[in-house]
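Several structures are given next for inspection.
Presented sequentially are two complexes of chain A, the first with chain B as partner and the second with chain C.
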Partner chain A sequence: MVGIALVAPAILVILIALVLPFIDAIRASTLNRVTGEFVGLEHYLWLFTDGPFWGSLRRSLLWTVGNLVLQGAAGIGVALLLQWHFRGRDAIRTVILLPFVVPSAVTAITWRWLLNTTYGPLNSWLVDFGVIAGSFNPLNDPLTALGGVVLINTWRWTPLVALVVFAVLQTIPREEYEAARMEGAGYLREFWHVTYPHLSNSLAVLGLLGFLLTFNIFDLVWLLTAGGPVDATNTLAVLIYDVAFAMRNIGRGTAISVVLFVLLFAFVIGYFQQEEFKEGGQFE
Partner chain B sequence: MNWRRRRQLGQLLRFSLLGVVLIVFIFPFYWMLRTSILPTQMIYESTALIPQGFTLEHYGRVIDQGFLTPVRNSLITAVGTTILTTVVSLFAAFSILRYRYPGRRRAAQLVLLTYMFPHVALIIPMYMLAASLGLLESPITLIVVHTMLALPFCVWILQSFLMDIPRELEEAALVEGASEVGAFLRITVPQAKPGIIAAGTFAYIMSWGEYMFAYVLLTDSDAFTVPVALESLLSGYVIEWGILAAASVLATLPVLALFWLMAKYLGEGIAKGTGVV
Partner chain C sequence: MALAGCTGGQDTDSDSGGSTGGSGPIQLTYWHQEAPPQRQAMFEEFTERFNAEHDDIQVEVQGQNWGSVFSKLTSALEAGNAPDFLFSLPAFTMDFQARGELVDVTDIVEDINSEHDMYQSAISPFQYQGGTWGIPMWDMVFLNHYRTDTLGQTSVWPPQNWDEWLQASAEVTGDGQYGTVMPASSTLWTTENIYTLMINNDSYVYGPDGNVMFDTPETVEVLDFYKQMYEQSSPDTTSWSWGEWETSILRGTAHSTIGFSSWMRRLVDTEFADDFSAIPQPYPEGGSAGSIHYVNDVMVFNEEKKDAIGTFIKWMHSEAIYGDWLAKTEPTLYLPVTKTGEESEDFWNHPVVSQYEPSVRAQFEALPDARIYGFRDIHVENDLYIPSVGLLESSNVLADVVQELVVNDRTPAEAATWGQETMQELLGLEPSSSL
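Presenting the complex of A and B:
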């Protein structure tokens, strides 16, 4: 009884602020936005046939996978650099977390200013050094905008990934490295045979969490490009907002979000079917 | 090339890479700070690395424009969220680990479930719910929403820290006549302190920076939080970068005060958390 009483407030918060509003959203996805009458699956039909859904889904996948790959690689790289003992390591470990702790609005302002074609330092320097011929803001070009927001979001999250990987690295027994060195393993073989096996479990869980969180990111994309230019960064999260608020079509907007939820749910179920999760009793 | 030489080269490479990492992650903030203290004219004339002038004019104007009101609103929301999240998640994590009831072993996976919901979809029903309760301008609405966002993660972190506390300590206290509440407060809470700090700072930082819900739920400019106020500066007809930079610096200070606490414990907390799923 005490146990249930202690967990009840948490469940209550999730019910009030997450589950119930979402059930309401499901209901809204079957209603006409003006008259409020029941239209069945009309919005879903729109979405799968001629709507912007497929384009946004493709961009969402590119956005998510791009972010995860880059953050994983950069995060592991930074963590390995920090693994060496040197003076000031703790200070550096703390300071590089800065991009993660500032509000996303500050991140957006900062990068828009840095990339500003007229007054921004990056353009001015790159032109001065002759690297690029004329000023260029990747966020304003449909070809590069998605890559640009992916890189900025990677910049924001890499420090956290590095910090977590670093913490996992600390749990690897030193003897394993010494044994590998005795056998004459180089850095690469050492990473592959000693470091990676210890990381893979954490990375599997971290990757899943990252996938869900990244797929649903709205704020940074919205503040950097608002889904533009020409829909180049219009991911599903942005599309939902756009359809529901800018076009004031709540039924269609919520229909997209219900489909997105189902997709993510299916993804998680599939992910848990992987071998790593099947073995071992911890998972039950 | 002898062995010693290779070692030195390796050392050099490592420190250069570290230098690059530091520049990549820190330079953008340096540039904002630099912009915030440059006289307006110079902001648009020079991209010199070292500022050639100094003024506090932008800070003065940001404060004159009433930027301290959103700072106050954000502080109320973030502190409220931190307290609510920490208490609720500590109870939940403790309950999951120490008591037996159906479903508790699935808790770590349920945490993931909460992150599958597209949060964008929640803002419309949430807006209507808050409006019907007359809570649109009240910080309570945002505090509950932010708690929902931070809670699953904090339960996860706290659970991993609580698992390391030997149960015998609590049991010993009970045997010595402490009440269950007493054992919890005097044994469990102090032992879980690093986890509580990690969870609390995470909730604070999340709430301080949260933009989407605040943007939709707060319709009155007097109730704006910092991210919403920043966005309104960014979407004006003329963007005054000096003011924007000063506002960004002001928006960053309240998290700077805390985040070194997080750097110490959060990485460990999440790393342990990945072990319990």
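Presenting the complex of A and C:
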């Protein structure tokens, strides 16, 4: 009883802040919000047949997986570099966090300015130094726009990944590395047989959180490209905003929200089927 | 989940954002969407002046932004705590009138008209369905703003048609300099640019029957010209918004623009302060003079407080306030919609307005030919009511046509067909019988 009493406030908050709004969202997704008329599953039919859902879903998956892979690789790499002792390491460890603490709006404005081919500095530097023949802005080309926003988001979130990985690296006993070297292990085998096993649990949690957070990112994509050019960066999060507020169809936008929630919920359930989370696993 | 918070609330009758009078002053609340800091400051300053002069009415201003106001207003109306009135635009006003949310303000407009001689072109976009649904507050019109030291020195300036305009622009394009700024982003800015050219070539979105009449030879000509003119513009405009547009002009990389004059306030501090002038939009042979304009209006939600709202609006339109308020809020951009305002010394004596007086006078000259989608001559003549203009504007579908043209490299004919089909589906309309 004491246990129930202690968790009751939290459950109440979840009910009020999450469950009830979600139920209302399902209700809203069955209505024409202008007339109040009940339309049943009409919005869902539109979504899965005539609507842009599948394209946006594909882009969302590309966006999310691309971010996770790049952030993971870059974050681990940066953390391993910070393991070395060199002059100014502590200062660098602080400075690399700057991208993470800068607000999304500032990040977007800054990168739009940097990449601007007319008056942005990046292109002029690259052209002046002969790195590229002519100015280019990846955010303008539908073939490169999604990659461009992925890279910018990677720049933003890699410090967080690096920080978490770095913290875990500090807990790895030195003796294990010494033993590996004595066995003749090179750097890569050291990483695979000593470093990675200690990182895997943290990476599992980071992966779950990273997937959920990244999949839902709206602000940076919207501020950088507004889902363009020609829908090249129109992920599900952007599509919801576009349909609900630009197209002024809150019913359809809510339907997309409900589907997105179901997809992510199914992902979470599937994720927890991994061995690490089962009985007898690392996270039991 | 993200939208759940926006769809909550009870279906109550629209009530006031402020409280009723009782024994104290009448409380009013209004929203505006003028985000630039100096505009917000002026709205606050003049509202405070009104409050200081009126013990019986106290007004509170709440600044919003265009990106979020539709959802906020929709939610507020559902929850019963909408503002008493709101600064708006024609399409936005028609959208909420179609939802039955607005109060008829014919009497307020007639009072202002009789005292200050309001221009009919400013009132027309708000007169339909037997009422007047917006109180005109100021107008904004597109002009062709150009560099006198570059474009003005080309062999064909001022251009008498589109061919000459293209030629002049091409003469100054090169080495990172661009003859013009032709937007190609999915924004209202692009919509306004393409629609201005559509006005000039007698091209339409809506036909005389209110259905979609976009895929016409005239539209194909507009798109063809747009694609050619885009070659004289920075390729970055596929992702630009207002900020980048203004910056390119103020940094001197773009030598002309068809657009509003909002950037002139900052022009005075640049090396190009004395190098800009403006002409009416060049139009093709056989085409029409004109450009797009936006009459900013006040739409009223609270019938009970209509008299108090009218008092505030009439005060804003008064001789001592109106010209001064417009010039200080956004000099050269906000144009009076009454004769009183146009003759206001406070308006013309503002330093920026005074410095660029020829351009401002050119805007007044352009106003009689200025139009907006859904309110062109063929629509007014047929007394059409087209509430889908709100969705046309907010969806940026016209801008998407431009994106198809320049990003997806469709031919003008393909882009026109794509636009026709997309608009029919989006707006829920049939192809016009005039096609």
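In this section, the second predicted complex is superposed on the first by the 257 of 284 C-alpha atoms of A that agree within 3 Å, B and C clash if a C-alpha of one lies under 4 Å from a C-alpha of the other, contacts with A are read in each partner's own complex, and residues count from 1 in each chain.
Simple rule for what comes next: a residue touches a chain if its C-beta (ideal position, glycine included) is under 8 Å from a C-beta of that chain, and two chains touch if they have at least 3 such contacts.
These numbers come from a predicted model, not from an experiment.
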Query = On chain A, do chain B and chain C fit together or clash when superposed?
reply = clash
Message = Tell me the contact category for A:230 with respect to chain B and chain C: first, second, both or neither.
response = second
Task = Could you say whether A:257 touches chain B, chain C, both of them, or neither, answering first, second, both or neither?
result = both
Note = Of chain B and chain C, the partner touching more residues of chain A is B
Query = In the superposed arrangement, which partner chain does A:142 touch: chain B (first), chain C (second), both, or neither?
reply = second
Query = Once the shared chain is lined up, is A:117 touching chain B (first), chain C (second), both, or neither of them?
reply = second
Inquiry  = With both complexes superposed on chain A, which partner does A:41 reach: first (chain B), second (chain C), both or neither?
reply    = neither
Task = In the overlay, answer first, second, both or neither for which of chain B and chain C A:25 touches.
result = both
Task = For A:10, select first, second, both or neither according to whether it touches chain B, chain C, the two together, or no partner.
result = first
Task = Could you say whether A:179 touches chain B, chain C, both of them, or neither, answering first, second, both or neither?
result = neither
Query = Can A:244 be said to touch chain B (first), chain C (second), both, or neither?
reply = both
Ask   = Which one hits chain C, of these parts of chain B: 19-27, 73-81, 181-189 or 217-225?
value = 217-225
Request  = Share the list of chain A residues that count as touching for chain B in one structure and for chain C in the other.
outcome  = 18, 21-22, 24-25, 28, 112, 116, 118-119, 216, 218, 237, 240, 244-245, 250, 253-254, 257, 260-261
Note = The answer for chain A against chain B in the complex is residues 2-4, 6-7, 9-11, 13-14, 16-18, 20-22, 24-25, 28, 78, 81, 84, 86, 92-99, 101-106, 108-114, 116, 118-121, 124-125, 155, 158-160, 163-168, 171, 201-202, 205-206, 208-209, 212-213, 216, 218-219, 222-223, 236-237, 240-241, 244-245, 250, 253-254, 257-258, 260-261, 264-265, 268, 272, 282-284
Ask   = Which of the residues in chain C come into contact with chain A in the complex?
value = 1-8, 11, 67-68, 70-71, 74, 95, 99, 176, 178, 184-187, 234-236, 238-239, 244, 247-248, 251, 253-254, 390-391, 394-396, 400, 403-404, 407-408, 426
Inquiry  = Applying the document's contact rule, which stretches of chain B touch chain A when the two form their complex?
reply    = 14-15, 17-18, 21-22, 24-26, 28-29, 31-32, 35, 43-44, 47, 88-89, 91-92, 94-96, 98-101, 104-105, 109, 112-122, 124-126, 128-129, 144-145, 147-148, 151-152, 155, 180, 205, 208-212, 216, 226-227, 230-231, 234, 241, 244-245, 248, 251-252, 255-256, 259-260, 262-264, 266-268, 270-277
Request  = Spell out the residues on chain A that touch chain C in their complex, using ranges where they run on.
outcome  = 18, 21-22, 24-25, 28, 33-34, 36, 112, 116-119, 137, 139-140, 142, 216, 218, 224-230, 237, 240, 244-248, 250, 253-254, 257, 260-261
